[in-house]
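In what follows, subunit A forms one complex with subunit B and a second complex with subunit C.
Take a look at the complex of A and B:
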């Protein structure tokens, strides 16, 4: 029997079902979603600025922000009532499954472009909910996970200090001293680079410093390993990072709480914590 | 350097597991692609073993010995051990030398005692970091080549690597759904960097009884595949990941053009395309690599394999034994099924069943089905002399394959997959036909946007 004959005999759904096709709904314009409608500003120039973020248009975001600044709109208002509102709408659509990672990254680029422009006028960094330090473990060059974490944190209104990849332990410790972060995130792809995490915790303790939690995740990182040393929380998905940071900020959750209540805090079933 | 402008296989139906047009002979009486499938075992050293050289050497010995014990316990006629280096091994070539030597001695002992065919694949890590001293001539770059030599000189049957050239740009493109950046990162920068790395690797291997094996686009196309994830994930479109994989075929081919002879490295899911073009044997992975990651083509990837791998697993104990034992047994039994099919003349039936179990599960599986992989190969060799044009042609052909399957109602796409495929194909179709123009345009665009990207690393 030939390959083609085999193929013609088969009912594909008998062996593989594309559930994603079955569950995804009909297309609507992003601003037509009810929750997005409630979140978007109605007055100008904030609405146009928010929409340019929502439409992931970096150039339009920059142009709208520059025009608003020229019209003497205070930069803080542009950030809080325009750029951040647009990003809130993006987050709503991402959490509903209508937007995807590329949408979030591009919208984030648009938001950051606008914020940088506002900061030029402000003369200093804009206020954020808090600072998070993000790094890739020493010896590890794999940074796409960290880049996603950084973008999710920024999209959530946090300042994410991006330390890059292959970051020496002493540099991470120095960053704790310098930024006094709300939270730290460390990522690693390999079993033998994730060993940097307990060493960092050890150095932080030796220096008599404290960081509320260090969220560790990435390719080869395991929950049992991360929970074998103090201060640490096993992070499962990049988009969980701002939710963990919010829990630390608003509900004063400690690393021990985060370990216990991870699924509740991120608001979904997480098999690693089941 | 000879570029492929013709297909070595004249018909996709001639491709089948365990057979390659150009089999590879290695020491310890092992042949790859010579009429039987070789199971592979690869185990990641346990955390903490990287602290000292002694710890790493002992770890490598234990992994190899465990695999050998299980191989003879269950009667495997042949197997391959791959050691993917950790950072510390490659960064300290004396570690590489001792680890390779102890693994080689262990394998040889079993070869001498049982006449079992064994093979040792050493894979130094590509530890270069683009934004730190560039990709060329840095300390890390030199350490990689020293580790390649230490592997070859101390008994490795063959050497592979997962080069990372172009990754800063392709990562940017994958995370943002930017097809042009993916094409530039994989098709142009990846290909340029592979040429730089592989000419040197081949020269080193030729000095020893060690074969230059091959590369994989793990750093780029696998990033897209893993971000695309399962059917319900929403980080990267599965259609874009499929196009990235087709481009990876054009890119990973460069190793063979520089003199690599196979087996091409296991996690290169693009390998069937390269086998179709060049006739070299390939390693692949699928359902027996679930210990390492989830893919959507667990059976399909076995269809034209020559070395069947478990990809990677923590070195630890499971109920059935230690992981080198357990996962070699898994790949070993699957290879036994394929070898039984070969012996009984049923190999093409099994190949087709493997393929059809997954062909329409995911667009990437579809484009890698051996008949479609062959079509992508044909598109590549048509523009074989130009790395940019052939990668672009591969992506366009993959898009055509997906669209045909959609039209014939065999493949179903989500809106996200549909939109991103249309978007990517529109962009690719409108791109310049001159490589230089495309490169200049991309350098202008992405140098501004991606701080890690340095054109000098590619001599651009």
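Take a look at the complex of A and C:
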């Protein structure tokens, strides 16, 4: 009898599941994953800071950052070599299907806690590379995706203007006028609300304005839909947002370039773009 | 041909000559509102308009079912959440919740006579009177995990799944009480199909293992009190949990286009006690980026086209461009 057949026949209430080393392989800790090993810093205090993010431990992250600051480690180094490296490792495990959204959120909490502490010492925001505007499509109350995008953008050193959820089209257009952002992100969970994106692009063009690119993504949003109107690029993962913004900032990439070079820009294989 | 029997046959696993074309998710579209004069938000709280809009696509284009309500906020509102009913293009949203912790969630004694629950029950009655035994009547309800998300806030819920799973188990149990009361009341009113929507349990939001350990048991308990045919709908890339979805005890499961239907069917057919899968993917591939209304307005009578096209692949399909 195969396991599948067996599973459907047995009474799950009386089954204790235990880890089968022979079938599932030896249990490894998150930091023992090969790709994670390569991305984690090896020197202290950065390693323990990165590990506390990887272990989604907000308190440990705060304590480690405070200790490092006391030891006169420059806050910028703590952010870039410690906290961000930890988050990179989290993203690797998320991509591989070992970590899930709750892990991203909790690790993100730990990272942001550390960044706030560093900014206290700096006396200002770590560095603002440029302004990005993030919104959730009109009619859509689902904002977890947008919150993740904002978190990753802020962690990446961008000034992220958080417009909240269910943002009317005219407010988005006004934000373009007010902030002249280098990048914009729009998210929608529902197929009924994602139709706001082309309308927004239309309005922006009507006003004679321009945004280098609008990253559109979320639940029901698909690449072919996003590519059916101009000025947009389909965003696959929330943590790709700062990488796309970086490419626009440093290499003057346009939405057309982002569509063509997405995988290279985010630095990993992206099946949607293969 | 009797449309109702046709669907019920498919849900019992019998072969039918004609593939039913129905939607188990909400089917209020603006064009139909205009033609039937049953607009949102009034159709959310007026039984007559709810019944009219719920059957509008049958009347206008021949979709083979009536389906109410048009949102997933009925239960949360009856439990005390503040809801914005939106407008004709905007589905209702939850504005605030009275609950801060899992233990606070409680089903009030007058739950079934609160908020829009009586409206839904009334609309079922009206649809039954009008269509009797000819048209399948589908009623959508919120799954216990999604309801918990409404009551505690989805973001909190997702975090607590990792940090305080035992609290979330209590919360799901308490929400389940409400779901079961509501499902029993609806079963009594006697529609043909109840569709439990559990979008918050999608793998995009929670670990598939936690779906199995925490959400699945609650959905099982809920399935046991539903006396009509039952369908489970979960949005998103449900591939990792599709086997679990199929073994909960629902007559059918409904998934989104992100799931490879062919692969899913193969996987499910390996197991002995599994069933049919519906998906809303195929029509959109055929006519990309079009609202469901436009699809129905194609030059060739689209219902027949779709039926022919997808007969081999699907037993029934959900309309695209409609969530919930």
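Here is the rule we go by: the second predicted complex is superposed on the first by the 146 of 274 C-alpha atoms of A that agree within 3 Å, B and C clash if a C-alpha of one lies under 4 Å from a C-alpha of the other, contacts with A are read in each partner's own complex, and residues count from 1 in each chain.
The working rule: a contact is a pair of C-beta atoms (placed from the backbone, for glycine too) under 8 Å apart; a residue touches a chain by one contact, two chains touch by 3 or more.
A quick note: this is a predicted structure, and the numbers were derived from the prediction, not measured.
By the touch criterion defined above, A:106 reaches both subunit B and subunit C.
Once the two complexes are overlaid on the shared chain, A:95 sits clear of subunit B and of subunit C alike.
Residue contacts after overlaying the shared chain place A:37 against neither subunit B nor subunit C. Legend: residue contacts after superposition of the two complexes on their common chain; A:174 is shown touching neither subunit B nor subunit C. In the superposition on chain A, contact of A:190 is made with both subunit B and subunit C. Using the contact criterion defined above for the overlaid structures, shared-chain residue A:205 touches neither subunit B nor subunit C, since it reaches no partner. Of the two partner chains placed by superposition, only subunit B is touched by A:148; subunit C is not. With both complexes placed on chain A, subunit A has more residues touched by B than by the other of subunit B and subunit C.
Of the two partner chains placed by the overlay, only subunit C lies in contact with A:224; subunit B stays clear of it. Judged by the touch definition given at the top, the superposed model places A:10 against subunit B, while subunit C stays out of reach.
Residues 100-103, 105-106, 109, 139, 141, 144, 147, 166, 190-192, 220, 225 of subunit A are contacted both by subunit B in one complex and by subunit C in the other. Against subunit A, the residues of subunit C that register as touching in their complex are 86, 89-91, 93-94, 154-155, 158-159, 161-163, 203-207, 235-236, 247, 256, 270-273, 288-289, 320-324. Across the interface of their complex, subunit B is touched by residues 1, 3, 6-7, 10, 12, 15-16, 18-21, 23-24, 27, 94, 97, 99-103, 105-106, 109, 139-141, 143-144, 147-148, 151, 164-166, 190-195, 220, 222, 225 of subunit A. Chain contact summary for the complex, subunit B toward subunit A: residues 13, 44-51, 86-88, 91, 127-129, 131-132, 164, 171, 174-178, 223, 227, 231-232, 234-237, 314, 349, 352-353, 355-361, 371, 410, 412-416, 420.
On subunit A, the positions that touch subunit C within their shared complex are 4-5, 8, 56, 100-103, 105-106, 109, 138-139, 141-142, 144, 147, 166, 189-192, 219-220, 224-225, 228.
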